[in-house]
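First chain A sits with chain B, and in the next complex the same chain sits with chain C.
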Partner chain A sequence: MTTPGTALLAGGTALSLGATVLLAVGYVRRDDQFDTIVTRLVAGGATLFLAALAFLTYQFVTTDYTNAYVWQNTADYLPLLYRITGVYASNAGSLLLWTAIAALVAAWAIWRRDLADASARLVGVVTMGAVTYFGVMLLLDSPFKHISTTVSGGTPTTGSGLNPLLIDPYMAIHPPLMFIGYALLTMPFAIGVAHFVGLVRGNEGLFRSWNGSVTRWLRAAWLFLTAALALGALWSYTVLGWGGIWAWDPVETAIFIPWLFLTATLHAVVNYRPGDRYSVLAPAMIASTFALVVYTTTVVRSGVFRSVHSFADNGAGLGMLILMGATAVLGVGLPLGYWLLREESTSEDEPWLTRSTLLHGAVLALGMLAFISLWGLTFPVLRDLATGIEVEVTARYYNRWSYPVTLLTLLLLGFYMDYDVEGKRRALAGLGLFGVATVVAAVYAPSESWTLGAGTERSTGFYALVGQMSALSVFPPVAYVLMAVLKRGLARIPGAPRRTQLKQTGVVFVHVGVAVLVFSLAFTYLFTGQASVIVDSGANGEAVDVPNSPYAVQTLGFESYSLPEQPNVERVALSTTELQERGTATNSTTQVVHGTITDIRRGPRAAVYQLDESGIWVGVTSRNGTSGASYARGDSIVARGAVMWNYVPQTDAVVVTDPTNVGTTASPPDSLGLERVRVQAVNLAVSEGDRQVAVGQAAQRRYPRQGGMQTRDVLIDRGLAYDTYVIAAVQGDTASLTVKRIPLMTPLRLSVVSLLVGMLLIFLFDPAHGVWTRPLAPTAETDPDPTTSD
Partner chain B sequence: MNARKVLTVVFFVTALGIGYASMNTAPVLSDESYSYHGGTEWHTDYEQAEAIAQEENKPILVYFWTTWCTYCEDYNKNVYSKPAVQDRLDEFVLVAINLDSDDAQASRLASEYNADYPPQLVATDPQGERLAKINGYVERQQFLSYLDKAERRMDE
Partner chain C sequence: MSRSLLTLALALVCLVTVSGVAAAASVTGTVSVANGTADGDRVTVTPLNENFERVGQPVSTTVENGSYRVTDVADAPLYVVRLEHEDLSHYAVAREPTADFELSAGLSARLARPDGTPVTNTSVTVTSPTGPPVAQVRTGSDGRIALDQLQPNRSYRLHTRLSGAPYRFALQTGTNATDARLTLRSPTTDETVLTATGGNPASHIVQPVQNGSTTRVVETIRLENTGNRPFVGAINVGLPDSATVRSASIEGQQLQYQRTAEGLAVNASLASGSTIRASVQYTLDNGSLNKPVQHETDSLAVVLQGFDSAAVEHSSNLRLRNASGMPVPMLTSTDSLAPGDSISVTLPGAGGQGQSSGSMPQFPAGALTAGLLAVVVGGIAAYRTF
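Moving on to the complex of A and B:
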């Protein structure tokens, strides 16, 4: 059945396809006659996709259950905010969000730059091609399927509900930010691809003149992805009750990989010099960032992991292996081989130690971190496909390979910053000093708990080696970075032109943020203390010490309640008139009806009640003699059962049910699923010594309609040095409490703010490529003198 | 070769090294002939195990498990990994059946021994005649007493 939403999607896809084709023709023929119409098609496509998104949002807000996707992802009891977030609760809606933003970005880019030259048309072909592709995917798995494709017997009266994990403010903002980041990456991807097409066709490619544009798109994408990652991490901190912000689960890792690679790419783009250095690598990297996004999203979302065996069985596994191998060879091997064999013009007389070499080191170090995460996501699938052996990848793999590389990266960063100010000899001395300090610190652990492997399973080989390292080893690199970055900031900022000052302040903020982030992350991981205690209502008001911890808890009372507070039976159940209207389409389907009893027939095995003097009767069968409650004339009842039309003479339809599925409107049966959330909470005051650190509620929420899934409301006191974090498992008047002390969470949060503020300054005020300060003439966008700017 | 190219070559060699080493040292959940639970080795091919049992006249212990079952992890942690249990398990031919497997043999065994949820263990004689069954998770002492019971009935 075609719905208005599907029509919008089809229209958007058709217009985008038209634009792609005309752009391609215009590019090949070097013809500008289609430019006006293309601009209109692109704008039209974007408008239709946005309209589809708005329409879906509207359907969610009004809980329009004629849309199957809406029915699957929301419910009436949810407040407005979480009805809206239902839009991107599943794959189809997320893809629509992604598509709409990508279409908007493509339209904006085309409007902004016009289609002045052939290369702009080629970039347009790629972006609009991507949008068209998304549009086709949406049509194949549409968020606008009519409800009749999913359930029979008419539109359901209630929704299935939202995934409980997504009922959280952080989750309301995280997906849009992430998809904006992803959509922004379509532009650099298109520019990179267009560049190589240009190279193949014998001109020099367009990267030289689009360098500034690429830089801005990449920085904007980085801002959004960083914010999305941070919000996702904070979400897992509060919602999942892990008591940590990072657990290396595949979904988190899937955003982290493109983020790391994007960070590497930003450094590569800085190193780019037209026709010379990085003239292959920089465009190759900007093109692959988006490819990585697609790869990781596919691996995580499509369930390749779960369906590995079905892939392997039908031979598609081999196909996938070949595809991945070919992509790796073509995408990475070819450009690299080309670059390695080709002589760069400066390579003869260039000294080994230059800023460019150091930047290249940064690109490689960040690339290595990205590789480690990417490989962790990939190799279990590969190995299973190739050998049938299932292996598991735990946090140990990610942590212990990443940690040494992270330390090296920080040392390199410190060295780069120092070298920039102090020159070669003094900087090398500094590196030597801090390098030795790092090694010494890695060997010396004040106590067992300082080793990285403390409290985890025994390991062998490399894992054991890193597991023996002391967490003290993070101090020297972090100190080195902080010192060198601040020193360079002080040397560069005072007296410089205002834009340079602002940009350099941004550079300082970003890199200080990184150092603080690594430092606090290591400590939240290693030094989280945890203790448990059981309290009950007998101890109300008394402080109970939590054994093996500095804390005491005071129980202030238990409560339990259900949501929605006053379920509306009339809204959930059909009236007799509504059932009559739906008619025989509901035959043999399960429905809920309500009405007032106007006639009764009792038999040995069943009682049959007429509702509202209509042709609708409720037949309550009693299995093996148990009859349950019986009802009288005038009672208002609600029943859930199979509707049988023309089943019994003198009736229109009988709703066949049993005693457990029928009740009065005042006390409806449980099987109606009116209770959406069961909350069991305990009010607590947590004190440390004489100081009260937190007062509030810790609770668990159980979602009967989501298979009894549970979430926890944690009680968190955010302190400067550490957070106090309480998780409760409440059973009646007893609560089992886990109190954690998580160090350095506030510095961690501040480091993220510092990253974002810093990048925003660079994004806006960079003298060469800033949005605010962008020179108007496009020719001035490439950096004429690489040694003075940056 | 300039410094950047040398660094790049070093990068790829390191990446290959990390990739190879990590892939080969990753904890194995299962391979062609065995699956591993708490440091114990269980056959995955029932018929092969049956042949061994008949040859050595040992009882068979069939373990029905899944990757997502938390009680299975408890078995790994608290039962199978203990040396006292491992000594006793040596007296049996061990077979692990992943209940999620689409394999015909797995579903035949699951229905034959009524194993509809994980974890369950069934001890049988070499001919597949049932000697004892453990439904769900039991503590170590109780687990061992089931093994005792199976061996007593095997001797009768």
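Moving on to the complex of A and C:
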């Protein structure tokens, strides 16, 4: 059945396809006659996709269960925010979000830059091609399928509910940010691909003139991806009850890889000099970033992994695999082929230690970090394909490989920042000092809990070697980076032009953020402590010491309640008129009906009640003689059972049920599933010594309609040096509490803010490529930073 | 040059990770079946650690030409090999990566009541000595069951229920498993057939945990039915007077209980010769643990984890064992205990426990921050000076 939503999708896809074809023709013929119409088609396509997204959101807000996707992903009791969240709770809706934003980005880019030359048309072909492809995928697996394709017997009266893990404010904003980031990467991908197509066809490629544009797209994407990663991490900190922000879950890793690679790409693009340095690598990397996004998304959504994100594991389908192939060929294969075929030009006369080689080192180090994660994600899939055996790559692999590389990256960063203002001789002395300090710190552990491998399984070889390192080894590189970055900032910022000042402040913020982030992460994981205690109502009002910890907890009371608070039976059950309207389509389906008893027939093994003087009767059969409650004329009852049309003479339909599935409207039977959430909570006051650190509620929420899934509401006190984190498992009036002390969470949060503020400053005010300060002539774009020469 | 080096380095890393994660072994063996063939039968190998916990995915294969070979199973100290032949399952627990099956022995038995009337049309589950079920059969009109193609010289257990009472018999193929006569005696409610025996480190374990001002106690009793008939009835557990019962469970399953003058009672049934694990949780208002024992008990232990064992007072039928090398101090019974005996332990208050900070490591946040600041300020100053 065609729905308005499907029509919008089809329209958007058709317009995008038209634009793609005309752009391609225009590019091949070097013809500008289609440019005006293309601009309109692109705008029209974007409008239709956005309209489809808005329409789906509207259906969610009004809980329109004629849409199967809406029915699968929401329920009436949810507040407005989480009804909207349902839009991207599963694959099809997420893809629509991605598509709409990508279409908007493509339209904006074409409107902004016009289709002045052939290369601009080629970029348009690639972006609109991607949008068209997404459109086709959406049509094949649509979020607008009519409910009749999924359930029979008419539109359900209640929704299946949203995945409990997604009922969280962080999760409401994390996916849109992530998909905005992904969509923004479509542009650099298109530019990179167009560049190589140009090179292969024998002209110069367009990177030189599009360099500034690429840089802005990449920085914008980086901002959104960073925010998305941070929100995702904070979500897992509170919702999953890990008490940790990162668990190397495949889906987390899948965003982390493009983020790392994007970071490396940004450094490569800064190092780009037309016709000289990075003339191949920088465009190649920007093209590959999007290919990586598609690859990692495909891998984790293909259902290979049993991850916490398996709410969307109903298979990525062929569409995603084909897209993966296409982006890999265009984004990785094309640049790689060009690079292999081109003869190597080496400039031997350059000194080995320059800013450029150092930046090259940064690109390599970040690329290596991305590769470690990428390989960890890919390896199980390869092994599964090759041998049919599922293996799990544990956090140990990621942590122990990434740690030394991260330290090297930090040392390199410190050295670069130092070298940039101090010159070779002094900077090398500083590197030597901090390098030695790092090695010394790596072998000195004040106590057992400082070693990286503390409390984990025994290991051998490389893992054991890294496991024996002391976490103190993170101190010298971080101190080095902080010192060098601040020192460079002090040398660069005062007296510089205003834009340079703002940009350099941004650079300081970003790199200080990175150093603090790494520092906090290492210690957060090693020094998280926990202790448990059981409290019950007997100890009400009395402080109970938590053994082996400095904490005491005071129980202020237990509560338990259900959501929705006052379920509306009439909303869930069909009236007799509604059932009559649905007619024989409901034959043999299970339905819930309500009405007032107007006639009663009793038999030895069943009682039959007429509702509302209509042809709808409720037949209550009694198993082995137990009849359950009996009802009288005038009672309002609600019953859940199989609807049998033309089953008994003189009736239209009988709803066949048993005593457990029937009740009065005032006390409906449990099988109606009116209770969506069962909350068991304990109110607590947590004190450390004489100081009260947190007062609030810790709870567990059980979702009986969703397989009895449980989530926990944790009680967190956010302190400067450490968080106090309480998880409760409540059973009646007994609560089993786990109190965790998690150090350096606040510095961690601040470091993310620092990263975002810094990048925002660079994005806006960079004298060369800033949004605010964009020069009119794109050819004037070169890095004005003075380069130190020895 | 640098490109090829880079490519090489990446390839190397790939190789290293593969060897770092994947350690796999293969398990082989032969299968012979009297009057038949095992070809096409399914063999499943599950790797286990020494605690019989699964350490990898089960891997399956089929038997070809009387042998099987399962590759790519995770390297493990133990393997459970399961062979499915016709409707029966056979098991082998192997320490070596090899396990052979010979299916040649027969088992037949006749189930009857004490007066000789056969037990007809009743389901009997045959299990291997390690636990998992081998087959499920029904008795015929003469109360007989018969299986062939079992493993020779092996102990099999037969489980059945009659009028709600459980029965269990052990038969050894090749010894007493042919035409065995099994008598299903009527159940008893007499609790004296139950004795607490055979547990490690004790058959009856009492573990108090100090929790603020209250003491929470978990008691676990391993009971064996030493009589020759099934027990169906109430199991009594003695409790201190001030105990507030939190839960009672049998084999880990929470059950309804009744308070009695001496303690509490839960309903249970257990076959002759079988064992059951009963546990009770309760809280005490004070540290006084004074209670009677209800069963013949070969050993009883009071675990004193978290308590200052020197400050614990106890009755003379218990003695403190705190030898070096023991992970946890505990009180153990000096001799076996009989129904009616009492034990008495007085625990020190909450202040008695040592406040070890083992689970909440100290993190010198202040010192590290000061250190960072010092390096940054000192470093910048040093660069200005030199």
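As a working rule, the second predicted complex is superposed on the first by the 736 of 790 C-alpha atoms of A that agree within 3 Å, B and C clash if a C-alpha of one lies under 4 Å from a C-alpha of the other, contacts with A are read in each partner's own complex, and residues count from 1 in each chain.
In this section, a contact is a pair of C-beta atoms (placed from the backbone, for glycine too) under 8 Å apart; a residue touches a chain by one contact, two chains touch by 3 or more.
Note that this is a predicted model, so its numbers are computed, not measured.
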Contacts of A:379 with chain B and chain C, given as first, second, both or neither: both
Which superposed partner A:530 touches (first chain B, second chain C, both, neither): second
Partner chain in contact with A:371 - chain B first, chain C second, else both or neither: both
Contacts of A:426 with chain B and chain C, given as first, second, both or neither: second
Touching partner for A:545 - first (chain B), second (chain C), both, neither: second
Touched partner set for A:566, first chain B, second chain C, both or neither: neither
Which superposed partner A:461 touches (first chain B, second chain C, both, neither): both
First, second, both or neither for A:393, with chain B first and chain C second: both
Touched partner set for A:2, first chain B, second chain C, both or neither: neither
Of chain C and chain B, partner touching more chain A residues: C
Common interface positions of chain A, toward chain B and toward chain C: 344, 346, 364, 371-372, 375-376, 379, 383, 387, 389-391, 393, 397, 401, 461-463
Residues of chain A that touch chain C when the two form their complex: 344, 346, 364, 371-372, 375-376, 379, 383, 387, 389-391, 393, 397, 401, 422, 426, 430, 447, 449, 461-463, 475, 478-480, 482-483, 486-487, 490, 519, 523, 526-527, 529-531, 533-536, 538-539, 542-545, 547-550, 721-722, 734, 741, 743-744
Of chain C, residues touching chain A in the complex: 1, 3, 6, 10, 13-14, 16-18, 20-22, 24, 57, 59, 72, 210-214, 216, 244, 246, 283, 306, 350, 353, 355-361, 363, 365-366, 368, 371-372, 375-376, 379-380, 383
Chain B partner contacts - residues on chain A that touch it in the complex: 309, 336, 339-340, 344, 346-347, 350, 352-354, 356-357, 360-361, 364, 367-368, 371-372, 375-376, 379-380, 382-383, 387-394, 397, 401, 460-463
Of all residues in chain B, those that touch chain A in their complex: 1-5, 7-9, 11-12, 14-15, 18-19, 21-23, 25-32, 102
